[in-house]
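This is the structure, below, for whatever I ask next.
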Amino acid sequence: MEYFKNIGKIKFEGESSNNPLAFKYYDPEKIVSGKPMKEHLRFAMSYWHTLTGEGSDPFGTGTMERPWNELSGLEKSKLRADIGFELMEKLGVEYFCFHDLDIAPEGDSLKEKNKNLDEMVAYIEGLMEKTGIKCLWGTTNAFTHKRFVHGASTSPNADVFAYAAAQVKKAMEVTQKLGGENYVFWGGREGYETLLNTNTELELDNLGRFLQMAVDYKEKIGFTGQLLIEPKPKEPTKHQYDFDTSTVIGFLRKYNLQDHYKLNIEANHATLAMHTFEHELNMARINGMLGSIDANQGDLLLGWDTDQFPTNIYDAVLAMIEVLRNGGIAPGGLNFDSKVRRGSFEMDDLFYAYIAGMDTFAKGLLIADQIVSDGKFDKLMKERYSSYESGIGAKIVSGEVGFEELAEYAQELGEIKNTSGRQELLENILNQYIYK
Amino acid sequence: MEYFKNIGKIKFEGESSNNPLAFKYYDPEKIVSGKPMKEHLRFAMSYWHTLTGEGSDPFGTGTMERPWNELSGLEKSKLRADIGFELMEKLGVEYFCFHDLDIAPEGDSLKEKNKNLDEMVAYIEGLMEKTGIKCLWGTTNAFTHKRFVHGASTSPNADVFAYAAAQVKKAMEVTQKLGGENYVFWGGREGYETLLNTNTELELDNLGRFLQMAVDYKEKIGFTGQLLIEPKPKEPTKHQYDFDTSTVIGFLRKYNLQDHYKLNIEANHATLAMHTFEHELNMARINGMLGSIDANQGDLLLGWDTDQFPTNIYDAVLAMIEVLRNGGIAPGGLNFDSKVRRGSFEMDDLFYAYIAGMDTFAKGLLIADQIVSDGKFDKLMKERYSSYESGIGAKIVSGEVGFEELAEYAQELGEIKNTSGRQELLENILNQYIYK
Amino acid sequence: MEYFKNIGKIKFEGESSNNPLAFKYYDPEKIVSGKPMKEHLRFAMSYWHTLTGEGSDPFGTGTMERPWNELSGLEKSKLRADIGFELMEKLGVEYFCFHDLDIAPEGDSLKEKNKNLDEMVAYIEGLMEKTGIKCLWGTTNAFTHKRFVHGASTSPNADVFAYAAAQVKKAMEVTQKLGGENYVFWGGREGYETLLNTNTELELDNLGRFLQMAVDYKEKIGFTGQLLIEPKPKEPTKHQYDFDTSTVIGFLRKYNLQDHYKLNIEANHATLAMHTFEHELNMARINGMLGSIDANQGDLLLGWDTDQFPTNIYDAVLAMIEVLRNGGIAPGGLNFDSKVRRGSFEMDDLFYAYIAGMDTFAKGLLIADQIVSDGKFDKLMKERYSSYESGIGAKIVSGEVGFEELAEYAQELGEIKNTSGRQELLENILNQYIYK
Amino acid sequence: MEYFKNIGKIKFEGESSNNPLAFKYYDPEKIVSGKPMKEHLRFAMSYWHTLTGEGSDPFGTGTMERPWNELSGLEKSKLRADIGFELMEKLGVEYFCFHDLDIAPEGDSLKEKNKNLDEMVAYIEGLMEKTGIKCLWGTTNAFTHKRFVHGASTSPNADVFAYAAAQVKKAMEVTQKLGGENYVFWGGREGYETLLNTNTELELDNLGRFLQMAVDYKEKIGFTGQLLIEPKPKEPTKHQYDFDTSTVIGFLRKYNLQDHYKLNIEANHATLAMHTFEHELNMARINGMLGSIDANQGDLLLGWDTDQFPTNIYDAVLAMIEVLRNGGIAPGGLNFDSKVRRGSFEMDDLFYAYIAGMDTFAKGLLIADQIVSDGKFDKLMKERYSSYESGIGAKIVSGEVGFEELAEYAQELGEIKNTSGRQELLENILNQYIYK
């Protein structure tokens, strides 16, 4: 049964098109730097924001006009799945990401929850087979239910830790069954509200233990997907332990987990941590830990996670430069962890929003590819650091000299000559790449 | 020669005193939890904010009325030192902290700079001997001069790296000579303005190399002080590499430097990184890396480093709880990295400001000690986490169970019962400790 | 029927009490500066946060353990009212504040909504009579329902404007019936998400029209309560028109409404607008527009409205100084627009939280009164501005001189002598008032 | 004497040019919507950031390599002026803006200051005559000198008020002499550090008095330029009285100055006040008070005024839409209140930076013009608000109905039907305008 009867497959029509239901830049099979755009971008639909989000906010109830609102239980879950796969198919989005609780109702007990999950997994497998759509990653929702009020693996209550473990175990199995290429940990309530009642040391150790158990279980069941941690600095808790990329990398090193996990970087979480999106991608990349991307955007003048569809071309270009320099993002992808605004409550807005996000990143890829292949920025960069390629610089890099040799060298230097960083020129060149 | 002729030694007069030039809480020899207050607090004067700061800001020139403004060169440096030691002596501040450039004029070359330094070090040694005042820590200023425009050890220019190395070498020697108990690294311009021209990977590796050289040189000269890194997230650069405590700890682990460095935590840098002061202290403490403290306060509604004298009692209490739980702060101390407001330009304001800061931390210590020795909060904390002391919780902590055992256990759980976190009650109890 | 069987009337036991269910500072009948504490403070319970809030947040469902959760419809509303009045009576909170939708279920139509309201108003009148508790203010909730998705009086849809008008009309009548001393307008969704689709000029004019209609209707029905506008800068919308005190005052002047409205200042809204709480109170006061207060506190490191119970003594003291200088807050009051943390989900937490808030403001009043009656700060202030009391300053104030006379005068001035602002000393004196 | 010997007049070469010293979009004589680009944009050089800024920041001294650094006194001022006019001429910037202290040395007394000013004004008149370059606006610097430590017209010291009056009087005369089309007030230190020592009421009244005196003096000397106030929320003071556009408009209404002043809106000041640039322009425009623009950009992840050259095309497009809807910006203009980064210290960077800013706004104008003349957004806007053009909406607007009529009308409404705000679609359409 087709839901969007008036909307067919979204086609690439090129930048002169005025059709709001066409791509102007996203041309999935177009070869860019040796592979099709779609393989660079590996777009995924977020099940939650797209299919279960209702448009509520702290000051208002749901606004979304959704056909499944009339239904309940598994019936509701199935209609959601049907329409979700129709949406992905028409958009040409080849992956989806999900929490266990997105796809099936929770039920009254862990058993019932798991039974519901199994039924929906089978149903979704059918849709995947029919459409060829794949699972980018699965995860578990261990933050919405009140049992997680004080955390999941960092709860002061060991029963909650156990429950969360059971939930991740099942979600990982489900992800494996659906062929998920990654499994994500976002520490929804892994953090604290006040230090007055928090034993951070035990909580962090427990988080480390939990993640080690996940590694063990992954090996046990032979799940071959990549494990990912998604940093976020605050919200819902006052302080989230996985604050940002550097914090997470340090944490992984402390608990000797650095070879088992990579990072899933979200644009809006980056800015909530006072970093640019490209900064977080860059930090992950240079540490060999860039795993996947949650593509959205925040509003830098607001202090919460707005999860807007990404339409800022600067962010997309700078992100795709990092992806290209990373040699691609696979087995990760670009998951639209983005929701239509509460005022964009009509079903068609889902198309408009995904098209906006996909075209922004497609254009971003095209520009980034041009920048990387032109090599203009690279050349400037190489020149800027050329003093480390010979002479005293090379000796610094190779470890041949220490403070004494350097002090002797410095003694003989006259006034040191630096060169301009040329930031304004570089920003202007970037603009030219964007407009052209 | 006495400068502050009308101000004698600042005495402890108790809380009923209305004398603005007396301590109401700081009673240096009073025994608190087994040792004198002054040994808990180890107050230090910051040479820069107290003696070289002029009260300029990005929109205005200096306002400070200082007797040395009339002088120049070494004469100026000496009068500063004289008055600074008189101030410390009268306040009963037993330590000072300094940058190389605070105590001596820079001169026209590295040689002249070092010569000036040597002369002033000898002069200051005399004052130390006379007064019994000690050096808490030394550091180098590798950020003010234009040669550091693009960084010091992270400069794209290897000559600058070498120059900075020479400077740290000398500053470490000077610190050793003055008996400094610590040596601090604050990465003034170790960061970037834009990723468009920055090779973060090389810059961070160079920072690691630099810090390793410092360890090597420290061992070579037998300097026994503690090495410290001071995190700050931004300002002057858009992104400072030593963003916050967790970032620095992760960095140290990556470069295998974690056994050689601890942290110097500054209150205002904590809040610029969107953390509370106590959070940063806590993170350092539970990682065994709490080394020293820069006691000041920021204005959370402003986005830059205001370095105000600390007068907020909440911050002082929560900080001192962390210090007590750390078993003290020595060989670190509480350095007032604080400056009088631009509008507090009279010499007497230095006394008022130091008294305000010292009394705030003295009162903070008294309250923190009461909280820790009462054990009321500790008891609540212990109860809150008691589920990890037996049963399934103990097995989690000891590593006896994994996802499978936990899933089996969780299967049998009914509705999980949590208990309230009682934040409002705890905040109210904290208030009672403060008022009483 | 008594709900809190184990909790009796909360008594004042003084600061040496360790009873968590007693006041240490709030002594309602104690005379402070000529009138009882309770008349200075005029505490009110917020119906919504206390009785209808469920502890949900954007990432989680409700956690609050509330006896009325089992019920629905009017029965639920009545149990809420019963327990709410028992809570107020036991706490000695003599006022409450409400939205129409807090006290009665919405129903399927405006008619049913109004019928439900009428029934609950009668019920509440009974409780008021029985307990002597009064209504501080009423308001309408014109933001939760999806019809207000694009605003209420600033909606692009005239039907929504009409609906909101009907709702305010009824809510004002109900407030009048309950003897409400004020009626509040908080522009929940009066703002915009993006200028790309917003006609700010029409929307602001409509807001002006709406507020004029409210004035007209108030006069028509003879409602004698004070009309109040509550500023907030953002959340839920990206930009709320009633951004802050100064914006609202300017708006009122533009639409010639300045004689009909005062302001209801909320602490957390102040800080979201990057102002201190006392700044907003001060701006309202010096414009003769300080009407009432929403007493809560935000977390300055978080970017959303946390509405915490106020426990920061600095904020309370500085707020109460403004209230005392305003000659009191009546007919307004101190409404605890505060919610227990999501983790404080037990019923007893309501007591702990209100006691914390009430004691904080009681202590704040005591300190503020001491500060104001001592006159130490006032005297410093008077001296600081004394140059405007005679000579050229007096002529400036009286309007006797212009640029020419001033330029002549300035020509003859030598170096101008300023005096220190003494900020650190003043902060230290404030601390002494707090500790003692 | 030509300074930039290797740089000729910057030419428009079109978007295919790779010449960093050419315009790709700014084609001054090109007709856009009936008038030349240059008349739409009215670009101005800021004398301070371009010619007197040294590249210092709170942590470092100057870096700028400037030929006048060797000189001092009037000689220095003259070389600055020569090179500044050469720069403007080569860039085709037809206006400049200045503070009194930018163009002439301060001297030891008000008399000497004024004498220096007179000499430099004469010199600059010569350059203006030679080049045809005009003065967009003048202002006075009443914030850098220590006498303004506590404010200028809001100083607690009446002598400072008088001095500032003398300074503005002279600066206004100088601006008149140079044919300045506007005179700007930026309240550098008109604000406060702490309410503990501040009488806001007197200070604001004095600010009102000062601005009335300026109006009176303007009339007296027949200065026909437009008077402008420039809002900024904080920095250097904790709270600046002219916080944002709405605050300033409200202030002007209170002191009955609204017919005498318009606003000079700065992008970076907008974002420091948590507003978008376009918001501030919009608020000024719909109040008939959009006077002029300080074109720069801030870094939204930093909390201080970075005053970067504007290169963000989104900001430029949305700003130019407001300008076009305002019917143009004359007699105001687009003043680049922008400084090259501290690391962009070579003279050539001035060209690169101005070209970047000018091309960004030129491109912004072209896109804005296309958007406005296409009318696509306008049409959507008109439809969105069409309910106010007839029926109940028209009656609301015309004032024919009040709460009673609206309540009756609302009674008969069924479920109200809203339409989507289409934010994502609109953002995508905006992107297409930008790329094409």
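Each chain gets a letter, A, B, C and D, in the order it is written, and its residues are counted from 1.
FYI, contacts are C-beta pairs under 8 Å (C-beta built on N, C-alpha and C of every residue); 3 or more make two chains touch, one makes a residue touch a chain.
Note that the structure is predicted; figures quoted are calculated from it, not measured.
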item	value
Where subunit A and subunit D overlap in contact partners, by chain label	B, C
Of A-B and B-C, whichever chain pair has more C-beta contact pairs	A-B
Intercentroid distance (Cα basis), subunit B paired with subunit A, Å	36
Separation of subunit B from subunit C, taking each centre as the mean of its C-alpha atoms, in whole Å	39
Contacts with two or more other chains, residues of subunit D listed in rising order	146, 149-150, 193, 234, 274-276, 301, 341, 343, 345, 418, 421-423, 427, 430
Of all residues in subunit A, those that touch subunit B in their complex	110-111, 146-147, 149-150, 155-163, 165-170, 193-202, 204-206, 209, 213-214, 216-217, 220, 233-234, 239, 243-244, 246-247, 249-251, 253-254, 273-276, 278-279, 282-283, 286-287, 318, 377, 380-381, 384-385, 387-388, 391-393, 396-397, 399, 402-404, 406-407, 409-411, 413, 415-416, 418, 421-423, 426-427, 430
Touching residues (chain side subunit A, partner subunit D) in the complex	15-16, 20, 24-25, 271, 274-276, 300-301, 309, 311-314, 340-341, 343-346, 348-349, 352-353, 355-356, 359-360, 363, 418-425, 427-432, 434-436
Contacting residues of subunit B [partner subunit D, same complex]	55, 57-63, 143-146, 148-150, 188-189, 193, 234-236, 238, 272, 299, 301-305, 341-343, 345
